[in-house]
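Presented sequentially are two complexes of subunit A, the first with subunit B as partner and the second with subunit C.
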Partner chain A sequence: MIINKETIAELAKDNKRLDNRSLTDFRQPIKIETDLSWTAEGSARVQIGSTVVMAGVKLSLEKPYNDTPDEGGIMVNAELTPLSSPEYEVGAPGIKAIEVSRVTDRGIREAKALDMKKLCIEPGEKAWFVTVDIVTINDDGNLFDASGLAVLAALKSARFPVVDPETGSIDYKHKTDVALPLTKEPLPVTVYKINGRLLIDPTQEEEKAYDARLTVASDTKGTISALQKGGDAPLTIAEISSMVELALEKARFLRSELNKFLAD
Partner chain B sequence: MAYTKRNDGRKVDELRPMEAKAHIIPNADGSASFKIGKTWAIAAVYGPREVYPRFLANPKKGLLRCHYSMMPFSGSGERIKPGKSRRAQEISMVMELALQPVVDLSAYPNAVVDIFVELPQTDAGTRCAAISAACIALADAGIPMKDMVSSVAVGQVDGTVLADLDYSEESYPAEVSDIPVAMLHNTKEISLLQMDGEISKEDLLKALELAKAATEKVYELQVKALKEKYLEQ
Partner chain C sequence: MSQLLVEERNIVVPGEALAEGMDYLPGENTYRTDQKIYSKVLGLLSTSARVIKITPLAGPYLPKPGDKIIGRVTDILLSGWRMDTATAYSAVLNVRDATTRFIRKEEDLRKTLDIGDYVTVIITNVTSQNLIDVTMKEPGLQKITGGRIIRINAHKVPRVIGKKASMITLIKEKTGCSITVGQNGLVWIKGTPDGEFRAVEAIKVIESKSHEEGLTEKIEQFLQ
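Showing the complex of A and B:
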């Protein structure tokens, strides 16, 4: 189906969308599954509408950085695979993959969601480093929110692997029942501005028609831990205020969905 | 001690539990998920579409290209750095050769059919799972095909010839040979054949004979996955 940007923009003006959703509704279904990769220390698959992403956590023991000798670390990486969309190519990550991974990373890192000191085993010598890889399976828009949800779910499901007390080497085939020291649970929500209206959870077609977007990561208390403005149109402070408010509200919604799935 | 009882209790010719599904990626022209034991391959087919870079285009027939990739968290040890490894490139090449004999792209000169395979978790037999998934995805995409390709590994562990080795068998502390095989269903010709390890000629022929029945089971599942998709419509 070829849809032009103007149609999406005109519809938005009348508070309408191509799929008849309200501007502030997520697509259905929202599905969250965890522990689907036995080789990862934690993993999750998130589906929002027909967007599907997976995230996997790997843990390793490394020497802490010189400036934080008593802390472990975290790194988030995103692979926007050519399997998931005709628009992605084989090769080094493009700017979109870099932005998704860095914004997701900041949401977790800046919230101090992981207690880095608890990841340290021996100051200056040995600490746990957490790597989370996001892999897209089907990109139908809103990768920021889907990725953030998948990363949080994967982190929550992660369990430390067994470490041989004598050699200090990791036995990746066996997990303990110890979870990561997660102190906060930040989730990003991205609000898009199209033709003067604010909307969330765009499809891939809508993503081609936006003027500006703002990703807001927030925790259970509503504290904001990452912001990223995108798009070539500027935003007024009043618009930013509405966007943040909407993002905080929708983060509560996503959090309740996540807790629902994790409780099952 | 010969390897007489398999680690997971399977019979010598028994495959691990399998699961296959067609058409799981809406963006792709064809797609499939294929699980065998704890090895899981997801395949997507895009095309026929324009070839980039242009010089690769063949004016006589379309090009078939495979891209095999393990997700960074899919290895049983440390994280795998993303990006093309030498191993992934070789597997991609042998996948192309395994699938080419059944795919007829003469109607699509200058075009390419791309097959992307991602593995979320692995426990040996990844190239075989990738080929089996890719073949379902090709059929799902409606690419003209003469036959199906079904793939599974066979081999020998400490003198016992087996089908579908898992990682604990591949790394068994004795003489082991691991032979990934892909077979065309109608002709029983072999389009993928590699081996790690050592084997006698007699055992090799025994293993290849075993591969016939083993790939037949994969074939039945591939067809079932396609029927489930297209008979429900």
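Showing the complex of A and C:
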């Protein structure tokens, strides 16, 4: 709605938002559930405000790629379902779906979060490949952060299936206790710039009003693994520094939320 | 013998038999087949004398003449604008219904209303094919500037307005906002940021508790 877009920009100037949140607050409730699907090796459902995203992890044995014969692999796919927003259609993924999946993928891949060598069983012959699927249930903005959180939660909850030592076939109905070789835990946080102000966790309306955004994926130590800039407006160096700082701070917050839910 | 099969103010579903016998008459959202009267919609049953009618609880808004609605300009036509009415059908606003100002023959209509603009309009005519004609030539109808627009269930609009506009007057007084409620469920709220937020919260409460008794008092407390 164009009217709301103008109002959002005006309000941002006074550090205010349509829903009376502060610019740097996540929506409540934040809910994380894991192990929802018994057909997937790992799964999670994340809710931030009224945005709901599910992620699933499937493991399969494949032949490694020729250039990395001693490594497994990871693939991230996102599907923005028509049930989650009137803007999405069925069919081949659009630009937004591709961006969500690739930004999430890059955060994990470039952090070297999964020890790919440990996924290899027989160099050049057999290695575990991790397929992550992101499915949106409801899109009320901030799919990047919700997807990143859901994928990390799903990866953490994933357990290898039982493999028959003789035939080498996978018994997906039974799981072992072995978790994925997750060495780092990257989490993306997206900072939006609206009318010169920086804010996080936008609603769908706010997502229509932004000038620029920067997604920062960082691990437990605060090491940045991936960046993605979007939007038409340029960013100054000073702005990028404060965006990164804000993103790192909020990643710590999301991480504590995640640990809280996983501990329960 | 005629008899009512469902009690007054009960919730009924489409296809549910409401009454038996020819002494009752089918009213709004009901129909008669053979000896029985059935419901067309999900809603609350009410009777007045022999007429049975259903007040719908959910479903789309159906445009009817005389309703004030909020529309969004989606296209510019040769002599007017096409509008999205938040219904299944679009409306046409003719130039002569939009402004009293003289518009020259080849003037750019975007100067008056551009695509994406919201306007408050009144429905003048709905044809059998559901083509809607709207006008802005009534007092208070205008292009919307500033504030925010929210969308609510169109069937809750009467509760948001209240008896003799009591509810909406209450919200306006307590929050200091100007509020325009379109019958199609779009609500325009303009005031201070804090006032706007409280008005939105109040309207959401009304929407979720519309069936409860003493709603006006509850909202008064809520807005204290």
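Keep in mind that, in the parts below, the second predicted complex is superposed on the first by the 261 of 264 C-alpha atoms of A that agree within 3 Å, B and C clash if a C-alpha of one lies under 4 Å from a C-alpha of the other, contacts with A are read in each partner's own complex, and residues count from 1 in each chain.
One rule holds in what follows: contacts are C-beta pairs under 8 Å (C-beta built on N, C-alpha and C of every residue); 3 or more make two chains touch, one makes a residue touch a chain.
Just so we're clear, the structure is a prediction, and the values are computed from it rather than from any experiment.
A.B. asks: For A:D19, decide between first (touching subunit B), second (touching subunit C), both and neither.
C.D. replies: In the superposition, A:D19 contacts subunit C only.
A.B. asks: In the overlaid three-chain picture, which partner chain does A:L262 touch, first (subunit B) or second (subunit C), both, or neither?
C.D. replies: Once the two structures are laid over each other on A, A:L262 reaches no partner at all.
A.B. asks: For A:V178, select first, second, both or neither according to whether it touches subunit B, subunit C, the two together, or no partner.
C.D. replies: So A:V178 meets neither subunit B nor subunit C here.
A.B. asks: Check the residue A:A233 against both partner chains and state whether it touches subunit B (first), subunit C (second), both, or neither.
C.D. replies: After superposition on chain A, A:A233 lies in contact with neither partner.
A.B. asks: In the overlay, work out which of subunit B or subunit C sits against more residues of subunit A.
C.D. replies: B
A.B. asks: Regarding the shared-chain residue A:A40, is it in contact with subunit B (first), subunit C (second), both, or neither?
C.D. replies: First partner only.
A.B. asks: Hey, which residues of subunit A end up touching subunit B in the complex?
C.D. replies: 36-41, 43, 50, 52, 54, 56-58, 60, 77, 79, 81-86, 90, 92-93, 131, 133, 135, 137-140, 170, 172-173
A.B. asks: If you look only at subunit C, which of its residues touch subunit A in the complex?
C.D. replies: Against subunit A, the touching part of subunit C is residues 72, 116-118, 144-149, 188, 193-194, 196-197.
A.B. asks: Using the touch definition up top, name the residues of subunit A that touch subunit C in the complex.
C.D. replies: Touching subunit C from subunit A are residues 1-4, 6-7, 11, 14, 16, 18-20.
A.B. asks: Along subunit B, where are the residues that touch subunit A in the complex?
C.D. replies: Within the complex, subunit B touches subunit A at residues 25-28, 38, 40, 42-44, 46, 49, 67, 69, 71-79, 82-84, 114, 116-118, 120-123.
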